[in-house]
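Heads up, the thing below is written out as structure tokens.
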Amino acid sequence: MLTGMQVAIIGGDLRQIEVIRKLSTLDTSLYLIGFDQLDDGFLGVENKTFETVDTDLLDAVILPVNGVNHNGEADTVFSGHPQVLEEKWLAKTPEHLKIYTGIANKTLKNIAQQSEKSLVELMNRDDLAIYNSIPTAEGAVMLVIQHTNVTIHRSNVLVTGFGRVGQTIARTFANLGAHVSVVAKERELLARIYEMNLTPIPLNSLNDAVSEADVVINTIPAHILTSTVIAKMQNHVLILDIASKPGGTDFNFANKRGIHAILTPGLPGLVAPKTAGIQLAELLSTLLEKQWIDQKGGRH
Amino acid sequence: MLTGMQVAIIGGDLRQIEVIRKLSTLDTSLYLIGFDQLDDGFLGVENKTFETVDTDLLDAVILPVNGVNHNGEADTVFSGHPQVLEEKWLAKTPEHLKIYTGIANKTLKNIAQQSEKSLVELMNRDDLAIYNSIPTAEGAVMLVIQHTNVTIHRSNVLVTGFGRVGQTIARTFANLGAHVSVVAKERELLARIYEMNLTPIPLNSLNDAVSEADVVINTIPAHILTSTVIAKMQNHVLILDIASKPGGTDFNFANKRGIHAILTPGLPGLVAPKTAGIQLAELLSTLLEKQWIDQKGGRH
Amino acid sequence: MLTGMQVAIIGGDLRQIEVIRKLSTLDTSLYLIGFDQLDDGFLGVENKTFETVDTDLLDAVILPVNGVNHNGEADTVFSGHPQVLEEKWLAKTPEHLKIYTGIANKTLKNIAQQSEKSLVELMNRDDLAIYNSIPTAEGAVMLVIQHTNVTIHRSNVLVTGFGRVGQTIARTFANLGAHVSVVAKERELLARIYEMNLTPIPLNSLNDAVSEADVVINTIPAHILTSTVIAKMQNHVLILDIASKPGGTDFNFANKRGIHAILTPGLPGLVAPKTAGIQLAELLSTLLEKQWIDQKGGRH
Amino acid sequence: MLTGMQVAIIGGDLRQIEVIRKLSTLDTSLYLIGFDQLDDGFLGVENKTFETVDTDLLDAVILPVNGVNHNGEADTVFSGHPQVLEEKWLAKTPEHLKIYTGIANKTLKNIAQQSEKSLVELMNRDDLAIYNSIPTAEGAVMLVIQHTNVTIHRSNVLVTGFGRVGQTIARTFANLGAHVSVVAKERELLARIYEMNLTPIPLNSLNDAVSEADVVINTIPAHILTSTVIAKMQNHVLILDIASKPGGTDFNFANKRGIHAILTPGLPGLVAPKTAGIQLAELLSTLLEKQWIDQKGGRH
């Protein structure tokens, strides 16, 4: 239980509903900032603003999964306008306050550093990234079905990268009957790809492998689908770039060649906000409980 | 090869492009009716109308997958207006002419009978229905991802019916990590469901099973999801009714209860017109070759 | 419940233990013939002989899964000698008595006909045959692992026949990572094989397909793996003939060519007697309940 | 190519045949020690003894997968007696000589150190360990089918450990229709287990989870299946201990309780020596080529 812990939630999308629900059942004192259009009545939850919330007592601040943009604005679907997180507001909160965010850009890291608050990046964690890979893969499936005129079944799908998301995507498309090839660098990843009955492609053979693909799904956050690589692709190929902005694709060149290439950020929040929200809520409640116990000086 | 065979294609959707492509490579003499907006130039293919085509020499007529509506109109996406198939036009064609259609309603059956032409219903064939089940299942996957806020992975999916389409849908959702239950009547189908590691539900237990489902996908062309059954469902359930019109769902009652229920005809043409078209083209060319050989009096 | 019903079980293997256990819990009066070495004490169960059992009161006789041999002998692992089922013994039982057996040869059919008793062949039933296909497939997996020096993973497995057993075997080996091809005659079976992401082989292409196989598993009860076909196989191939005796393989020719070919009857009883016994017991109890209700004149 | 490279292979099992075959095609000069009973004639391969081989020219020594025992003996199935690897023999070989072995015990490490030769432990490599996990998992499947009287399908299988072998075993049994639970410590492994549609069990819940298992497969090389854990198991459970000797099971206690527990070393060599040998040969040839190029001073 988190009885007595004071937490502010600043903006976000549908996923935050599950966070609010979970923290409310744990008896947290919750203050919502940027939720003026939210109707649901949760126990122990109050709508506030940066001005009206009692900064002195706050133990934690929860930002949207995407954190803030370069102006420090936290997006919110529950209000008409974004919420600007300011360093001087944070400065008023207690020293022990922690900031929880999905991902953190430079702006957010600066704000945190200057206000001397510790910042927890949830999406850096392998466990959450793996849970998140499930709705991400389903989002990719949806987009491929929408944007091709053939079935996934028996089509050639090339996945670049075999990390937390790449593994899930590769398996998911194989389970739908696609012929899946996976590009990776390390020998042990290539061995695992082989064991999983997918076709392993060493990174330096990408150029050759790409020419047979009907669909290319990139998960490598680096400039991997260069113009040279795209030049080798079939005309009808669909490129789905899953990697975080700006993706790993030369979109200009793809465009010139008339190849359909889509950058697809935020799939979990798009296709399964409830599932993604529950995953987030589970992890956040575990971390907050740990913080709360530490703060109170050990397990009670 | 179909050299010399004269075939008219009357209307249709993107799937017919693959039929035209295939028959053109087999050297068929093709006359397109209702394709005035089609640009692609295929070898040996001419645009015609009911008036300009030479009826005396026709060997076969190919209708859209959906056949004609109750006014005898064949829909076409390649022209501004539908093409009306008339009995008196058919009467002018040779006795041996065959009419190929996906499905046939009463109107079409009447027209065929009165003009004494034999009518081939392709979707009645088990093989085509099974090939078609693949894009149908992918269409169902796409719709479920779009219309729920949770992942298919670990959700409870109930499939009613375990025929040509039901089997494919059940397997597909299980491969995506759903807990799949399947409703069937026959003991041998229940055994196969068990063997496939799905949960078998005898038809008379439908009422109980339905209460745990997050998604219900109906493939039984009979009034199966009655108000009594729907009354047992969870509020957040999504009903996908795959069965041919009018489906098997009491949509009025679902609507009253605020349950989201969708009738989803024509998924293959929607999500994978090329794959579905190729399947159609393969079968049609096999059947036309058989007709052509028979007509010419045996294999040459 | 089967309270009052009098049933004789004549010989059998470990599977009968599960039948005895199940029928005993249903309160059947059970007489065991040919079980003198069985120790387990089940409630309401008595050891008898053909001579000491009270024939007048018997409602049903249960034979081993394999029925009797051509001498009318029922094998039994629970006694030193087989039990001979005689027509004149059966003649003494009531007219309504039913004989339950797995399979029935000519001898058994004659005995039943002459004593005017109805004979139920359980293995003819699709449901039991499908349940049985599960331990059968696992038996095949075990034998292939034992008798090859390569992994099933990535090896070429050819399955002939896609009936109740063939489907299960094909899926099982594919799930272990084999490249599975399946030979079938009907177009709709070939379509299902394609949908299941296996390689469909029309029966008339068997000769070509066989040359790439590392393992051939036959489920067709006909002379299919002839010397002509075997001549096309690789030297290192393993043939597993699952079809009932005498199988579908020219074992002499295989032997001459030095090709390893095994006839593998009775896999379920061999590898999973408990599972197979439970399946049998489930079905038998359903059928006996139906008989008992009919006999007593309708449901009570 | 390895033209000119001089390699001695000392003992081993059937897997070495594939190593010999591969290195022979690469034109290596091969000396076999302890292969007097091997008949196959490979090109460029000579039978030798420790005495007759020309130590001065050797570039590499290949030991059996199991290395040597505590007496320094390398087992061999191709000779009547083991081959004793002696430090003073090694001392005579060139400084640059490398010793390749599957695993290395203390004895072998000592011998290598004292003779100042570098020692390469192949089974330490993630890639080979993953390739090896495939025949290992098939060996486990074979043993479970042999040693239980139920099917793997629908049985409860608990796998402890989710490393290179554990992952493969867990997936393999799930693909055969078992309900698979996997015990792991790290949160990210538990997330991956969840994503793969298996049941994740945190290590500290092992005690509870074990009570439902029909089969327990241990891959953790630590004393994990203690008497306390075994005490919670069902009577009919089968324990397969895959971990390297002495395994992680209290075999004495299991024995006392009448629980069937098997230590199963060397599965790949047992069930798929050819596949395992090819994997080994692939890796060895890559490593030898690298050594050869380095030795000759860069790529030519």
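Note that the chains take the letters A, B, C and D in the order they are written out, and that residue 1 is the start of every chain.
One rule holds in what follows: a residue touches a chain if its C-beta (ideal position, glycine included) is under 8 Å from a C-beta of that chain, and two chains touch if they have at least 3 such contacts.
All values derive from a computational prediction rather than experimental measurement.
Engineer: What's the call on chain C versus chain D, same or different interface residues, using the half cut on shared numbers?
Structural biologist: Same residues, largely: of all residue numbers at this interface, over half are found in both copies.
Engineer: Report the chain whose CA-based centre is farthest from the CA-based centre of chain C.
Structural biologist: Here the answer is chain A, farthest from chain C.
Engineer: Looking at B-D and A-B, which one has the bigger number of contacting C-beta pairs?
Structural biologist: Counting C-beta pairs in contact, A-B comes out ahead.
Engineer: How many angstrom lie between the CA centroids of chain A and chain B, rounded to a whole number?
Structural biologist: 38
Engineer: Between chain B and chain D, what distance separates the C-alpha centroids? Give it in angstrom.
Structural biologist: Centres of chain B and chain D (C-alpha means) sit 53 Å apart.
Engineer: Which chain C residues sit where two or more other chains touch them?
Structural biologist: In chain C, residues 134, 153, 177, 195 touch at least two other chains, as defined above.
Engineer: Is the chain-to-chain touch network here best called a line, a ring, a star, complete, or other?
Structural biologist: Contact pattern: complete, every chain touching every other.
Engineer: Where on chain A is chain B touching in the complex?
Structural biologist: Interface residues on the chain A side: 14, 134-135, 138-139, 141-142, 145-146, 148-153, 172, 175-177, 271-275.
Engineer: Would you tell me which residues of chain A are touching chain C in their complex?
Structural biologist: Where chain A meets chain C, its residues are 153-154, 177, 195, 197.
Engineer: Would you mind writing out the residues of chain A in touch with chain D in their complex?
Structural biologist: 125-128, 130-131, 133-134, 167-168, 171, 187-188, 190-192, 194-196
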